[in-house]
Each structure stands twice: as structure tokens, then as C-alpha cells.
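In what follows, a structure is listed as C-alpha cells, so that the remarks can point back to it.
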Amino acid sequence: GGSTASPSASAAAGTGCEKAIAAGEPTTTLLGKICAAGVIKIATDPAYPPYSELNASGEYVGFDSDTARETAKRLGVTVEWVTPDWAAITAGSWAGRWDISIGSMTQTEERAMVVDFLEPYFYEAGYLIVPTDSAITSVADLAGKTICAGESTTHATWIEGGFATSTVVDVFNQAPAGAVLKTYPTDYNCIEAYLAGRTDDWDAMAQSREFIENAIANSDGKLKFLSEEANFAGRISFALDKSGPDTASAIVAINEIIAAMHADGTLSGFSMTNLGRDVTKP
Amino acid sequence: MSDMKGLSTTPAVHALHPAEKPGVLVKPGAEPVLKATNITKWFGENHVLRGASITVWPGETVCILGRSGSGKSTFLRSMNFLEDPTDGTVEIDGVIVGADPFHKEGSERQERIREVRMRAGMVFQEFNLFPHLSVIENCVEAPIHVKGMARKEAEAIAEKYLAKVGLLEKRDEYPSRLSGGQRQRVAIARALTMQPKVLLFDEPTSALDPTLVGEVLKVMADLAHEGRTMIVVTHEMDFAHEAADRVYYMDKGEFAEVGPPEQVIDAPKDPRTKEFLSRFRTLGAKK
Amino acid sequence: MHTDAELLAKAVAKDEARRAARWQLRFRLGWAALLGLLAAFVFLSLNVEVDFLTRATPFIIEGIWITLAVSSASIVLATLLAALGALGRLSSNAVVNAIASFYVSFFRGTPLILQLLVWYLALPQVGIILDPIFCAIGALGMNYGAYMTEIFRAGIQAVPLGQREAAAALGMSGGTSFRRIIAPQAFRIIVPAIGNDFVAMLKDSALASTVALHEIVWRARNIGQKEFKTLQTFIIAAMIYWTLTIVFTAVQNRIESRLAAGDRNKAVKG
Amino acid sequence: MHTDAELLAKAVAKDEARRAARWQLRFRLGWAALLGLLAAFVFLSLNVEVDFLTRATPFIIEGIWITLAVSSASIVLATLLAALGALGRLSSNAVVNAIASFYVSFFRGTPLILQLLVWYLALPQVGIILDPIFCAIGALGMNYGAYMTEIFRAGIQAVPLGQREAAAALGMSGGTSFRRIIAPQAFRIIVPAIGNDFVAMLKDSALASTVALHEIVWRARNIGQKEFKTLQTFIIAAMIYWTLTIVFTAVQNRIESRLAAGDRNKAVKG
Amino acid sequence: MSDMKGLSTTPAVHALHPAEKPGVLVKPGAEPVLKATNITKWFGENHVLRGASITVWPGETVCILGRSGSGKSTFLRSMNFLEDPTDGTVEIDGVIVGADPFHKEGSERQERIREVRMRAGMVFQEFNLFPHLSVIENCVEAPIHVKGMARKEAEAIAEKYLAKVGLLEKRDEYPSRLSGGQRQRVAIARALTMQPKVLLFDEPTSALDPTLVGEVLKVMADLAHEGRTMIVVTHEMDFAHEAADRVYYMDKGEFAEVGPPEQVIDAPKDPRTKEFLSRFRTLGAKK
């Protein structure tokens, strides 16, 4: 899109904010606030390649980052990055510290009680990683075994047998019977513990395809995919704080942008450049 | 608090002890500069002062003797309300402060206590110089920050008294670099710089190395001879003998015997004084 | 029959007692008011969800046992190390002194979280794989031991030189003098510091959550994160820590005053 | 000409000096050996990747400025609060005393991380929105202020009663006595504690990474995590902290000895 | 270290001072129990002891006088190596220990020092009782843990000496509950329980309230009269006069005058002793 290149305001074809202002958006809503400020504060995780990453030159790169930048551009505002710990994000009540989370957050029913999810911008499936020399060859072999995941991730929820009744997560494989969940503060800790020599720490670990590929690449051949078959698929969305200013108009405006980015192939393009495959379709 | 009526301190009339007569240096007809009446102190259940009174005329030196724990320090500290007595009244240079055991009086009494303190310089056993201040700063601190005196004037007065105690050349030294005797002499100069009406000494030589006692006693004797008004709690019999107009022997919070040193020290009448002096002399001062 | 003086003394004592009681009352009311304010702030501004809290609280409280176990074992280890460290720092042997000094410098100079990760992730690479709980105890114990070394050293040095001289003059060897005369006196000086460190350690033991020990903060985080309510669960955790702190501070005060009483150390002037 | 006694004294002094120098040498060699051992452990067993470290180190080092800025501002705040807190704890006013006592109890009794989240996420809900860096400073300052309150109180109480009495006997009011006599003496007792706390704070300021301040630990985690190398980056961080600690401890010692010299406090027996 | 040859301490021959003659209580022909020869001490540049020697026969009491800083304590503390002298030799009851300024001797010398210490009981100015131990425990600690005595036996001896100093009833009290005079008497009993050959006292009454000095001096005088061997550093002229067989006046690390008390105190010959005694008496002990 070349909206920033055209300074002239044209209500019909203009940015999200131009449209909102034209429609008389009050500055008390989230959208009005963002537009009035001309800045959108986006929370993201700067250490989650290839989705988002702060590179050596201080720029945010990756699929999430590209998507976030493009969304802001289409809103007609500039980006201010905020990089809180997961501990701050999960505290709830963001208190206006950031306007939106664009950080590979999977929709869950519990989270939806606190945040408003927008339409998914991509879909992510959970896979299992096992040691290369593992005797385990199928999900069923993991019955009663220990599976590692990051604290409070969707992968952890799946291991615990969650999502059975979820309407936002599609389960393809039930978690192995009697699997024991082992969690660390982040997913990375599972891999670090294993590579450090704690080979008895877990029998398998659950995460996304990209994470696992990255782990395998850094593992010196010690790790491999258990299978190509996904365990579940989640919808990955932007999230807005329910306890903040009214989000209704923002949901409409940003959903419109997401739909447009899906439709015009922007998201697919970001996906191909950053991930080498298209994850934007269910 | 109506049940305490009659107990509280209606200022008792100050009565002279028969032996309390103005000393030789006192100007005839002069009024007492310090009158402490019926000073009583309880520490909890412990009846430490049992209504002790004292009268001091301007220019007098009086000594208080007594065994350890008899209440000498408590009495002396009641003179400037470092110890708040349970009952009794202190009058120094016309400023009257009564006991206030039920804390009924307010800041106005505190003001009067400060007036009393400015009129009564105190010298402690442990010197209590301010270690973070030099000798001259020790002396001018209170004149400047309590009396509001100009620094120049305060320093001039301080230097005068430092010269008197023979320590002018230590003016800018810090207390930690002085000997015990020097420290105590600075403490005396510090008290003098406030130009008090009365000097209170609480065993000023007890914390000193025996070889340093003399220099402090000498300064004190000089002050006594030049007509300073002084109350001295001491165990130095010879000093008391030589410098005191009157000696008070304290026993269990009361003055058991009062009189000129020649009588109280050399020919005590009260059996308690007798016993104290005899005990005190065994081996300690035999000759 | 009472004398006037005794009646006055009684009246004064009664008045003092009344005054003290009133002071205590005002002090407690002050505390109560502040607690009330705090509660009001939490409830009114943090949209606390009571049914969530009733669900979360028992789960978090269970973590107390791990917190206490880790902290207790660690303080024991730290005390032992600090005793050794202090002896080392006071040693006239240059090499022993250097070891103790290095220990103190390194473990005080680097963050505890790193030290824990070394126990958890670096030691396995030289073949030492310890249970997470032992990693936590090792890391906390070594770290606090370094801080306490300096306290122990100061405590030993605070025993007046005269005590050492009296012991030497009686013919005691350095070892006997230390064991029988210096150490027992240093111990009394050190006990409050050990108590303080134990209370501080209760909170620092939360770092053990990084190596997957299910102590208080781990539980607060895990039950809160799923629903984005860690602010609320952390407040529960805070209340637990606060309670533990108050309880153990009281225990510590009790121990200290018993130690003091054991001395029958009520000084008498003389 | 020298007498025999003087020659002996010279020889003894020379021998002592030689002995002391040899001790120092052995001490330093001990340290060097331990540093070598540590380096060997890190390099040989942790498969340190040198090119990764050369990439990561400059990025992590940049965090020093935030660490220092946050720590410096916090120690100033903590010192002010501790001064007020100590006055409160020593106040005869029951309510003032209760407030100070509540402050100390609450901020010592609850984990720093929670306090930080309250500044960052809870205060905005009552309309107080502070920059993350001010949240970090506020949280660290209030927390350390509570700990330091007790140190300040102890420092004030450590000034001998005789000083207060001497001031009172000279007619000084409570305020004058405190400002001119007590506080300057307490200050000298307190300075080492402030220094220690500053050094400790350097490390605790790492918590500010939670609220998105890009200090040392944030940088170490973020650059290390992607490649599963946080152990290595944390070791860099640790070395940075260790260096800072050593530097500031030296500065602190310099300040303390200058303060002592300012006193010209070399005691003379008398 | 060959350059130090000839400087180091070849045990100097012990020579008697002309005035050093066995006291009246000494058995004829008895050998000295303590010989300190040429004791020299440097603190850095400060030449504190300049080759002082002393000879004490069994049963004697000798007193060391001298002004503050003259080196009395350093000398006394050299007797049991609490202060390690730069040069000189100490012999107590046949155990000989020489100075070892270059630390050439090893643990064997330490052993001999401990032997010396077991033979020389010491009483300090500041008492130095062990505050965490009761009176009886203070007394039996060393006999049990140094001599390896059975507790029963040690307690019996301790009780004997506690009775002697008049404090048997304080047997289970803690030091903090005793007065200064009582503490010092316990310290004496503690030293006696080790059954030493010599008792060393370093200003044992200087830290005491003047009213409590007598009780300690009395115990010491009793010990002197019953034939204990004692070296007493003191400022109590009357005690020295009454109890000492011989008095040593120390000036700047040397014994300026030695002799019976009647001579050294009452009719000093050395100008330094004269000046000291005159200064000491100004006001302090005038009568």
C-alpha cells in the first residue's frame, strides 16, 4: 500500500484513521486514541524468530513485525514498539502500556475473557520434537511420558488434554494418555536444558514448526521432529485489552485491514519471505 | 485524673537546710542562683531520689559525695531536666520549672527547660564531645545555633575559654586526637562558652587515666577560686576538701549530711557518712 | 498504709501505662487504616475476581512447602559456608584467604539467577546433573553464604580483642580459643543477621521457579498466566510472602530475646 | 651512626615488609589461579562460541547505561525514603510511627517483582501512568528504602546517648540536635550500607527487564534466547556485573576512607 | 638474612640490678621464678621498650609504676608474649622463651609460650571475663580445656579460689550481673584456678568506680601477704607502698629507678621519678 505516500486525505480510499476521523470517531475509544496520537504502541516479543526479532541494527524483523508495521501503515499511524516480558503481558490489565499485542498469540477461550481477539492473521499448528536417538516413534508411544513446553502456552494446554471442547482450536491428535507436562518459563528453556545435558528432562517437547526447525538447526543433530503430523492448530491473532478504552471500533477497523491483507496477498508474502511457506491459510 | 489531685506537685516551699549558709565568696545579701526543692525520682518501683533539696548561691562551689547508686547523677541531671523528676521544683537564675509527671504542661514548659539548660552548663564523666566537630566547632556550635550568636563573637568567647583551660593551640584539632584530660578540658570550655550561671559536673575525672586527673582538677579548682558557681559530683575527696564551700553527702536518694568540707569529710556526724568515708579509705587513700 | 510519695509513684505509673496503651492503640489503628487503604486499592482498582481468587489461592498456598524447604536447606548451607568463608577471610594463610576472598567476590558480584543457571545448565556439561531442588539449594546457599561470610567475619571481629587475649593468657591454643570463647560470642552477634537473611531468602527462593520448582511464584505465574491474571495471583503470592515474613520475623525476635535471656545478660552497673 | 637496637629494628621492619610482600604475592597468585580455573571451566566445558560472543557482547554492554541510570536514581530515592522512614520509626507520634512501620513491613515483606508490576500495571488504573524507567526507579527506590530505613534507624540509634544529652544540655532543641549533632554522626555509620545497597541494586535492577527496559539482563536474554545460548550470554552479563561490583566497591572504599580521613579520626590513647 | 647476623637475640646474660635483692618472704637460697632480660620492643618506628630487665623471686610482690605511655603494659604483656618482644628473653619457672623477630622458630616455640602462659596468670584492667560463661565456668574453662583437668577437680579448685575472693555465692551468676569490683575478683579467681607460678596484674583497679577499688586491692594485698608471686602495674601508690617488696619506676621503656617502696616512692632519687610523683600528687592525693 502506498497510503503514506499520498498525503491528500481521501475518505473512501484513505487510511483506517482517516476513515475513522471522517466518521467522527471520539478520542475516548481505543481507535480514536490511536488515531489522535498518530502512534500505535505494539507489544511484541523481540526474541522469537522468525516471527519477531530485534536484529543487530536495532530493527524489528520477522513475520509478526512485518505484519505489525503494515497494519500501522494501513491505519495511518507510526509504530512504537514495546517489549514487555511475558510476565507483564500475562498480568492482564495492560493499563494503556501498549494498544495491541501482535506477538503470535493463539486464541483461547480463557484469554478471550480478558482480551479481544481480532480475526486470525495466521494459523499455527503444534508439533512434537524428540531426541534423535529416541525410541519413541508415535504420539501413542508418549503415553505416561514427560513432555516439555513453555509455561501457559497452547502447547502446554494441549499436553494437559485441553482444547477438547474449544471452538477456536482444532485438535487433530489427542494428547497421549497420562502424559506428564513439564514447563519452563519459556519454550527455549526446554531445549536449553536438553542441550546442556539434562537428557532425562523430557521425552518430547511441543512447539510450532518454526520453533522446532530452529531448535533442530541449533542442536547439532540431537533433535528431530516426531512426525510431520500436527497435534492441533490454533488461530493466531492480534489482541486488545478488554479493560482499556472501548475496542469495538478498533476491532472493526483492524479486522478490515487484516481481511484486506489476507485478500491482497500481503500476509502470504510476509509469510513466504520470513518462514518460507504460507501459514496464513487455515 | 481527679484521683491524683493533691498528689501532684504544688510547688513546695523551698526550705534551707540548717547548714546551708552562703559561702565566703558570696556577696552579702545575694539571692541563691539555684534552688532545687524536694526533688523526687522514681524509676518504676525504684525510689531513687527521696525529696532532696539544695541551695546554691552565686560564686559557690558545692560538692556532692555518696556511694555508687545513691542517686547523685540522677539528682544532678534533674537540675537541667536530662532526667525529668517525678516531683519537685528547680529554679535557676529566676527560671522556675516544676516536675510534670502527668505531662499536663506543653511546649511552654519545654521552652523553660531550654532556658534552664542555657543557664546550666554540664560536664559529663564521658566528656561527650562531638567527634565530628573540631575543638573550636564544639565550643561555638551551641552559642551559634541555640543563642543565635554571630560566629565571630562565639569564636572569640570560645578562644578565651580554650585559653583558660590551656588548650588554645588545639583549637582546630579533632577530639579523637586529644588525650582524655584534654577532652575533658575542652568539654569544660564548651560549657563555659555558653556563659552559664551554674556549672554542673558529674564525676568529671572518673573516666580519666589517674595520671591525667590532676590537670582537670586544676582547671576546676581555678574556676572555683575565681568565683564560678559549680555543683560537682565527685569521688575526689581532696578536691572537695580544697575547693568546696559546702559538701552534700547523698545516701539512698537523700542528703544525709550537709556542711563545710572540714566537717563532713573530716568529722562526719552521720553514721552513713562515717561508714562511707571509712570504706572509701581502706587501702585506697590510706595515708 | 502508703506514703504520699508512693501514692504519687503509683499514680504516675498508672498514667504512664494508660499513655502507653493509648499509644499502642493509635499505632494499631494506624496500621489497620493503612491495611484498609491497601485492600481498597487492590479491590477497587484491580478488578479483582473473587471466584478466580478462591480457585487460585489454595493452589498457590501449596507452594509454601517448597519455598520453606528450599529456604531452610539453603540457609543451613549458607551458614556453614559463611563460617568456613569467614575463617578463610581471617586466615593468615594467603592462599586460603585468596580462596575465601574470591568466593565472596564472585558470588556477591554476579546475579543469583545466573548462578542458578550455572548449577542447572552448566554443571551438567561437566557431568554433574543435580535435581532442580538441589540446584536451587546449592545456588541460594552459595550466594547467601558469600554475603553472610562478611557478616560472620564482622561478627567474629566484633568480639573484643580482650577476650582473645584473656583466652591466650590462660594458655588456650588458637583453636580452643576460637571454639570455646570467640565463636559462641560471635554467634550471638550473628544470629539476627541469619534471621534477616532467611526472611530475604524466602523471597529469593522464587528464582527456583526458573528451574521448574513449583514454589509460590511458579504457582502464581502458572495459574495466572493462562487467564492473563498474574497481577492478581502475584498479589496473593505477595500476601503469602508478607505473612511468612511477619511470622518468621516474630520467630526470630523470639529466638533473639531467648538467646539474650539465656545469657541472663541484664547488665548491672558496677 | 646507628645503635644496635636501631639496626635490629630496621632489620625487623625490612623482614616484615618482605614477609608482607610475599603474602600479597601469594594472595594475588591464588586469585589469578582461581580466575584461571573459572575461565577454563567456562571455555572448556561450556562450548563457548567465540564468534557468537563477539557478536553478543557489545549489544549486552550497551545495557550498562540503563542499569547505572536506574540504580543511581533508585539509590537516591531510597536514601531519601530511608531518612524519612527512620525518622518515622523513631517518632513518638504513634500514627507517623505506624506509617513508617507499615511501609517497612510491606515493602520488605513482598517480592520486588510484584512491587514493580504494581507500579507498571496497577497504578495506571488509578490514573497514575509513569514511564517504565520511572516505574523501575520507583519500585527499586521504595523497596530498598524500606530495607535501608532499618539501617538508618540503627545508625541513628548507634550514636551514643551521651551525644544527645550533651546537645540537650547545651540547650539545643530536638531538631537542632538531630540536624547538627546526630545526623552527621549517623551518616558516617550509614555510608557503607548505602554503598553495599547500591552494589546489590545494580543486580536487582535486572528486574526492570520485565517492564521492557533494555538493561543488561534483558539484552543478554534476548540475544541469547534465539540461539538457545542464554547460558553464554548470561555469563557475559555476569562478568559485566562482577566488574561493576568490583569498580563500585573500590569507589565505595575510597569514599569511606576519605570520610574517615576527613574526620582526622586517628584515635590517640589518652 | 645473613645481614642480620649479630643483630638477632643471642640470649643475653641475665644481670641483676643492684637494688634487686630477694624480698623478706623469699626462702633463703631460692632461685628467681621469673627472669626477663633485656626486653626490647619496637612498634614500627616507636621504640617502646629499651631493654628492660626484671627479676622476681618466689613469694615476692613487685610493683611497676610509671606515667601513661611509658611502656608498663607492653612490658608486662611481654612476660607472657601477648606482646611479642623485638629482643630479649623471658624465663618463667625454668621455661625459657626468647624473642623471635624474624619468625625463624616454629610451633615448638609456640608450645613453650603456652607453657609460659600456663605458669603466668594474668589479670587485665578491663577484667575480660567471658560473658557467655557463668562465674564457675569462667574459672574452669582453661583448667579443663587447656590442662585437661577433670571437671570435678577443676570446680573444686575454682570454688576454693572463689571463696578466697569472697564470691563463692556468685558461683552460677553471669559476669554481666556483677559489679566491676566483683568482676575483677572473679578474674583473679580465674587466674588462680590455673595455679600459676606468677600473677601479672595490669592496672587491675583503673577501670573501677572509686568506691569499688578497695575490695579488689584488699584481695590483692591478701594474696601478696600469703606469699603469691605477683607483678603489679598500678597507679595505687598506697597499695605499692604497703604490699610491694620492690618497686620499679618505668620511664620511656626503661626502668629508671628500682628499689623498696620506702625509697622509690617516699624518697625517689631519680629526677624522672621525682617529677612523676610530684605531678601525680597535685590535688589527686594531696593529703
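We just call them A, B, C, D and E in the order they show up, numbering each chain from 1.
Following the convention adopted for this analysis, a contact is a pair of C-beta atoms (placed from the backbone, for glycine too) under 8 Å apart; a residue touches a chain by one contact, two chains touch by 3 or more.
Just so it is clear, the model here is predicted, and its values are computed rather than measured.
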item	value
Among all chain pairs, the one with the most C-beta contacts	C-D
Centre-of-Cα separation between subunit C and subunit A, whole angstrom	42
Length of the line joining the C-alpha centres of subunit D and subunit E, rounded to whole Å	48
Whole-Å separation of chain centres (CA-atom averages), subunit C against subunit D	19
Shared-contact residues (touching 2 or more other chains) in subunit E	68, 209, 212
Overlap residues in subunit C, where contacts from two or more other chains coincide	46, 121-122, 125, 230-231, 234, 269-270
Residues of subunit A whose C-beta touches two or more other chains	87, 91-93, 192, 196
Pairs of chains in contact (touch as defined earlier), listed by label	A-C, A-D, B-C, B-D, B-E, C-D, C-E, D-E
Interfacial residue positions of subunit E with respect to subunit D in the complex	1, 3-4, 7-8, 40, 42, 44-45, 47, 50-51, 68-69, 86-87, 101-103
Partner subunit E, residues of subunit C touching it in the complex	160, 162-163, 165-173, 176, 180-181, 184-185, 188, 263-270
Residue ranges of subunit C touching subunit A (in the complex, touch as defined)	46-47, 120-122, 124-125, 127, 129, 209-210, 212, 221-222, 224-232, 234
Contacting residues of subunit B [partner subunit E, same complex]	67-68, 206, 209-214, 217-218, 221, 235-236, 238-239, 241-242, 276, 279-287
Residue ranges of subunit C touching subunit B (in the complex, touch as defined)	4-5, 7-9, 11-13, 15, 19, 269-270
